[in-house]
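Common to both upcoming complexes is subunit A, partnered first by subunit B, then by subunit C.
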Partner chain A sequence: MLGFLILVALLVPLFAPYSVVQAWNDPSAWTNNPKLAAPEWSEIFAGKKLPRTILLPYNGETGGFTKARVVVDEAGQTYVTVVLRSSFSFQADAFPSEIALYMTTVFGNQSGTQIRMFWDRPDGEEINLFDATPTVRAPFENTFSLTTPAIKGDPAYSVYANIRNWLIRKNITTQTEWDQLYPSRGGIYDSPPKAEVLLMAQLNHNMLDPYSAQVLKGTYAFRIEFQGFARTDDANARAVIYGRVYGIAGTDGSRRDLLVALLWGAPVALAFGLAGALASVLIQTILGAISGWYGGVIDEFLQRAADFYLIIPTLPILILLGILYRPSIYGILFVLVIFGLVGATTKVVRSIVLSVKEEQFIEAAKSYGASRGRILFRYILPRVMPYTFALIALNVPAFIFLEASLSFLGLGDPQLPTWGHIIGDAYSNDALFASRAFPSGLWWWVSFPAAGIIFTTVAFALLGYAFDKVLNPRLREQ
Partner chain B sequence: MPVLDVRNLVLWYRTRKGPVHAVDDISFALEPGQTIALVGESGSGKTSTANAILRLLPKNVSRFEGEVRFDGQDVMEYDDETFRKTVRWRGISMVFQGAMNALNPTIRVGAQVAEPLMVHYDVDREEAADQAVEALRKVGLSADIVRRYPHELSGGMKQRVIIAMSLILKPKVVILDEPTSALDVMTQTNIINLLKDLKNAEGLSYIFITHDLGLASELADLVGIVYAGQLVEVGPSEGVFVRPKHPYTGKLLASVPRLRSEEAPDFIPGAPPDLTDPPPGCRFHLRCPVSFEKCGWSAAEFVEQVRLLQIAEETKNKLPAIAEMTVKGDLNLLIKPQPNGTAADFAERLNSLIAGNKEVYRFLKSVESVHPRTKSVEVKLHEGTPPPLFGEEWKASCWLLAGGGA
Partner chain C sequence: MGVVRHLTKRALFLAITFVIAVYVTVVIANGFGRIDDILKKQIYQDLKQQFARNPAYNRLPPADQARIFNDTYNTAVEAQGLNEPFLPKTIRYTTNAIQLNLGRATQLFSSDGSTSVAAIIFERLPRSLVLFTTANLIAAATGIWLGLWMAKKALSPFDRGLTVLSVTTFVVPPWVYGILFILVFGFGLKVLPSGGLTTIPPLPQAPLIWAFPPLVALGMISGGWFASRHLRAKQRVIGYGVIVAGIAVLIAWGLAPYDYFKDMEVHMILPAAAVAFSVFGSWSYTTRNLVLQVMDEDFVFAARARGLKERDVLSRYVLRAASPPIVTSLALTLAAAWTGAIITETVFNFPGLGRLFFDAIQLNDAPVIIGLTTVYALLLVLTVFLLDMSYSLLDPRIRALRR
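Showing the complex of A and B:
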């Protein structure tokens, strides 16, 4: 188990370089991923083919939009028309989660620059989804979400009205029924219709209920007309039809690939747990040995200090420091080691040293004149070391758990995607609650990082038990 | 000049019951090349004597004094650091009791043997290793064991390693604290022969601590018999073992079982005295078959012995009926007879009992006088003091030797 973990820790940088982790908190790095997508292999349990994400890239890239640009000069006025087209085949048994269109536009100061967007369905229907004025100039993108427009002012908000008009025209629904299904106040829907369903469902009355609508399989197409009034005006577009499944480990609420975080969690947890356990156990061992060996005032001081440290509630202090300073993972490690200078291990080691120091070879060492320091480091510490190794192995899970609980509380390293961090994110996004859309909750978001923590801690616990067997020969017999 | 001259060495340990007189005024001198065997029962203070010479003291020492002259210098005057640097191992080294445990289990044998060198001299690793191989060869071990750990060696090999370690700094005196106690007889013989050879080759002086009289007679020039923290007899081994002066030595020699002997080995009745409260006078008098009035019986001991007579099957009918015994000071006690007898009558019966049995029950010899009082009998005991060491050729502390008697 440990070998597997170490292998993962060593191979992760090859799979996902550190720059991927650095971009963890940058939403723009993850825009092409679906939100809250389950792992791809989960469709085995769903029993139907779930849609993957379909990317329709810019004109100029392979498989991208086709572009036709026409410039007409007429009566001193320049008219630039750009027509962008792209089509995709959709064969899944479920609707996509979102559809979004991204456009880069170049336009002058003259008003009237316009984008008209049409949606072509396999059944021959064409819907003019929206007409809009570009607001952002290249190289930045105008974002048009066709399914979850942000506000009413968003040009894409007219998607709803256009779909409604289309459906009324087709006698699928009536204005009255529409208003009953999707009540709105001042033009804002309380709960907007699911455009991705309406756009891609078979044209019948069932399509109004997202849970009984049937997918219309076939080839869909985007058609975008851009009208500009300056010679340099131009437009380009790309579209993403977001799926419902993604990768091996799914995605979280910010579209991030959880596999990256899961794999990076291993080296982070291993490094944190091992460094913390090594530092604190070794320091505690040496101080415990000094305490047992020198005795007297030093012993008294170290033992009372250990008592004091043992009653200090480390977690609340870490929470306090976390709130005040938002320390990095190194800061947390440092604080943990500082609060673990003396403690339970000091007491255990002291008691071992008290028995070791009565052994004859220690007396022999004294008699041939070895100094006290030499006896401590050459005679006593080597005797204590095997116990120390077991203690280190058994302490690693404690450190991993501590880091995970801090991250869970949102007080861990804000930059690093640790396992605890992911579980914390999942918890604050209600990942554990089942909804109609996610009947099993967002199980992948919680269970994989939790499994990672359990796997690692069990691995170290087993290592500790293995040490225990070596140290207690009586256990070996059974 | 003696290489080691121990004078009036005293080492007491502090306990809750009071000080333990582990070493109580021990003196002996050791000439270069000589071996002294300190022989005695367990708990008699042999190992404490060795520890006191090397100043390996536990924390609870309550009294530690006397002179230890090593090469003419009183090393008791040295402070701990000087003592550690100049005397320990460089002058006097030690082979520990229970060799099995005296080696550090985590260090290889070679490093272990070289350890005193590294501690005392600024030698580099390789030279220390060479010397360790040399030292191991001297004790009859091959060079390849330097890479081994102690648990890979047999008991005899470990003992040889310990001896090699004790010799590596070329000390003048080696204290052998029961060097063969955990070994089988054949290995014991081998080790003793090795020690003899080393002594002749290196001119060593040994302090050989043992309870095995056979081994002591094999190796020792001088023998010191230790009883209850004191040397009761010290002299040349051919003398002490052949014609023991002290009754304790005699009993000790008689207790050694012999092969193909019709005689059952003798034993010493009773147990060694409690060293927190050693008996007055001669410390052996309670168990001594020949003790008499000068040996220092106290009133409390007398009462204790009378009580023992009262319960013993063969004596309980001989004793006159006693109601109560009261100790009055160290040497006086009052015995109150049962109401059916008068004091004068009781005193007479007591006197006749003493006259008839004092050769068997030696404590009765300590009675100086019996005075009848009104309701009780006052018994006065002889005064006794600890015997000094008597003798010309060799010395023993027993009052029987005072007038050249016994």
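Showing the complex of A and C:
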């Protein structure tokens, strides 16, 4: 187990360099991924084919939009018409999660530049989804989200109106029923219709309920007409039909691929746990040995300090520190080690040293005049070290979990995607609440990092247990 | 008199520890002056807004405006004692905290609308106490029982399997199990509620007495079990009788109509199971090892030589001698339970102390955080003291061991 972990920890930085971690915090790096998508293999349990994300790239790229550009001069006026087309085959059993259209447009200062977007369905229906005016010039993209409108002026609102008109025309619904289903005050829907369902469902009354609508499989097409009034006017488009499943580990609420974070969690957790355990156990061992070897006031002081450290509520105090100083991962490590200067290990080591103290070779060292410090570091500590290894292995889980706990509370390193950080993110995004859309919560978002943490700590616990058996002959005999 | 002297010494030490812990908390919570700055800014903002809405103030000339504003601001700062030097101020905070005079929350309030930190905390304290005490007791009972059994069958596949299970489960804190339990039992199997204290909307309030039958039943069952172990063969029937009565109480309670407290208890099953699952391993593992160590001692051989039954040897000689260290380990597990409760309760959305701490962090409510840390420190100190007491009662050697 541990070997596998170390292998992962060593390979991850090779395959996914640190720049991935930087990209993790960059929301623009993930725009082509679906939001809150389950892992691809989860469709085995769902029992139906769930849609993958379909990318329709720009004209000029392979498999991209086809473009036809016509320039007409008429009565001193230039008319530029660009028609962009692309189609995709949709064979999944569930609706996509979002549909978005991105366009780069070049246009002059004349008013009236217009984009008209048509949606062609496999059953021959064609819906004019919106007529819009581009607002952003190339190289920046105009974003037309067809399914998740941000504001009332968004094209998606005319998408809703156009879908409604289409459905009324087809006698699927009536204005009254539509208003009952999707109440809107002042033109703003309380809960907007699901355009991705209405656009891709079989044309019958069931389509109005997203949970009983059936998918219309077949080839869909985008047709976009761009109308410009200057010789240089041009347009290009790409579209994303976001799926419901993604990759091996799914995505989070910011469309990020969780696999990246899961893999990166391993080296971070290992390094953090090992460094913390190593530092605190070594310090505690030395202090424990000093306490046992020198005795007297030092002993009394260190033992009382150990008692004190065992009693104070460490986690609340750590949380306080976290709130006030927002430390980086090194800061957290430092604070954790400070709070583990003395503790259970000090007591264990002290008791071992007390028995080692009486042995003959110490007597011998004393007799040829070795100094007390020399005896402590050259004779006693080497005897204690084997126990220390077991204690280090047993302490690693504690450090991993402290970091995870702090990260869960949002007090960890804000830059690093640690396992605890992902679980905390997931929790604050309601991953542990069942909704109608996600009846099992966002299980992939929490269970994989949790499994990663458990796997790592169990590996160390077993290692510690193995050490324990070797070092405690009594446990072995029985 | 050895025990009394020892206990007095421990009490004194624990009291000093408590004071230092609270002082450290106060100093950190004040962020070496940071919270004071935040409070001052808050006062400043509040006054600004208050004055901006005051027409009489707005008609005054600017010089007067500034003077009046500064006067009011300084008085407000003075009234809250924010201008005192660091040491006296922190000492004042500490004494207040120790007297459980916890002040007023800045953001949070209790369910009856009070902003007193003490009211907020003591509204939630019983819930956490009930949940975590029950969970830990169940874990301890199961763990000790398993540990004895493992020791009896040492080195059998059963023992090896359970040892590995114990060693691996207790390193993982309850909240991680909590997440998995919610996913499996709450969402996957849909057998238990995944969080909260009651269903929403809560059922009508029932008399408090309805909360106790399961606890009473559990007490009867475990008491009866212990009795049947310790009594002579003829009187064991009494023990079995008590067990049966306990089960009867449990069944009767199960058949009773679904009420407020039952609802609450059903909601507590998953968090308690998560806590118990992460705690029982340390019990069974320590019990197993200690019992195996004690079994090698001469007095156990002597007891066996006298022809006592193996079960009596185990429960009367071995367990008695092994109990002090077992009880000590309770200190550490309970300590872990109290502080780990923050995330466990958050995960389960359980409105106890831990969840309160989480909310206080989110809202940056410093008085609540200080108050809670104080209460945590107090709980820890009390737990450790109670353990010390039971330790000295259990182990007669303590008088000889302590100088």
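Brief remarks follow.
Definition applied: the second predicted complex is superposed on the first by the 463 of 478 C-alpha atoms of A that agree within 3 Å, B and C clash if a C-alpha of one lies under 4 Å from a C-alpha of the other, contacts with A are read in each partner's own complex, and residues count from 1 in each chain.
By our rule, a residue touches a chain if its C-beta (ideal position, glycine included) is under 8 Å from a C-beta of that chain, and two chains touch if they have at least 3 such contacts.
Keep in mind it's a predicted model, so treat the numbers as computed, not measured.
In the overlay built on the shared chain, the residue A:Arg374 is in contact with subunit B alone; subunit C does not reach it.
In the superposition on chain A, contact of A:Ala434 is made with subunit C only, not with subunit B. Within the superposed three-chain arrangement, the count of touched residues of subunit A is higher for C, of the candidates subunit B and subunit C. In the superposed model, A:Ile423 makes contact with subunit C only, not with subunit B.
When the two structures are aligned on the shared chain, A:Leu321 is found in touch with subunit C, with no touch to subunit B. Of the two partner chains placed by superposition, only subunit B is touched by A:Ala365; subunit C is not.
When the two complexes are superposed on chain A, none of the residues of subunit A touches both subunit B and subunit C.
Those residues of subunit A whose C-beta lies close enough to touch subunit C in the complex are 304, 307-308, 310-317, 319-321, 323-325, 344, 394, 397-398, 401, 404-405, 408-411, 423, 427, 432-434, 439-441, 443, 446-447, 450, 453-454, 457-458, 460-462, 464-465, 474-475, 478. Here subunit C touches subunit A in the complex through residues 13-14, 17-18, 20-21, 24-25, 28-29, 31, 34-35, 154-155, 163-164, 167-168, 171-173, 175-176, 179-180, 182-183, 186-188, 194-195, 289, 292-293, 331-332, 335, 338-340, 342-343, 346-347, 349, 357-358, 361, 364, 369, 372-373, 376-377, 380-381, 384, going by the rule given at the top. The touching residues of subunit A, counted against subunit B in their complex, run 359-361, 363-371, 374, 378-379, 382-383.
Subunit B contributes residues 54, 56, 84-85, 88-90, 93-94, 96-98, 101-107, 115-116, 119-120, 162, 165, 169 to its touches with subunit A in the complex.
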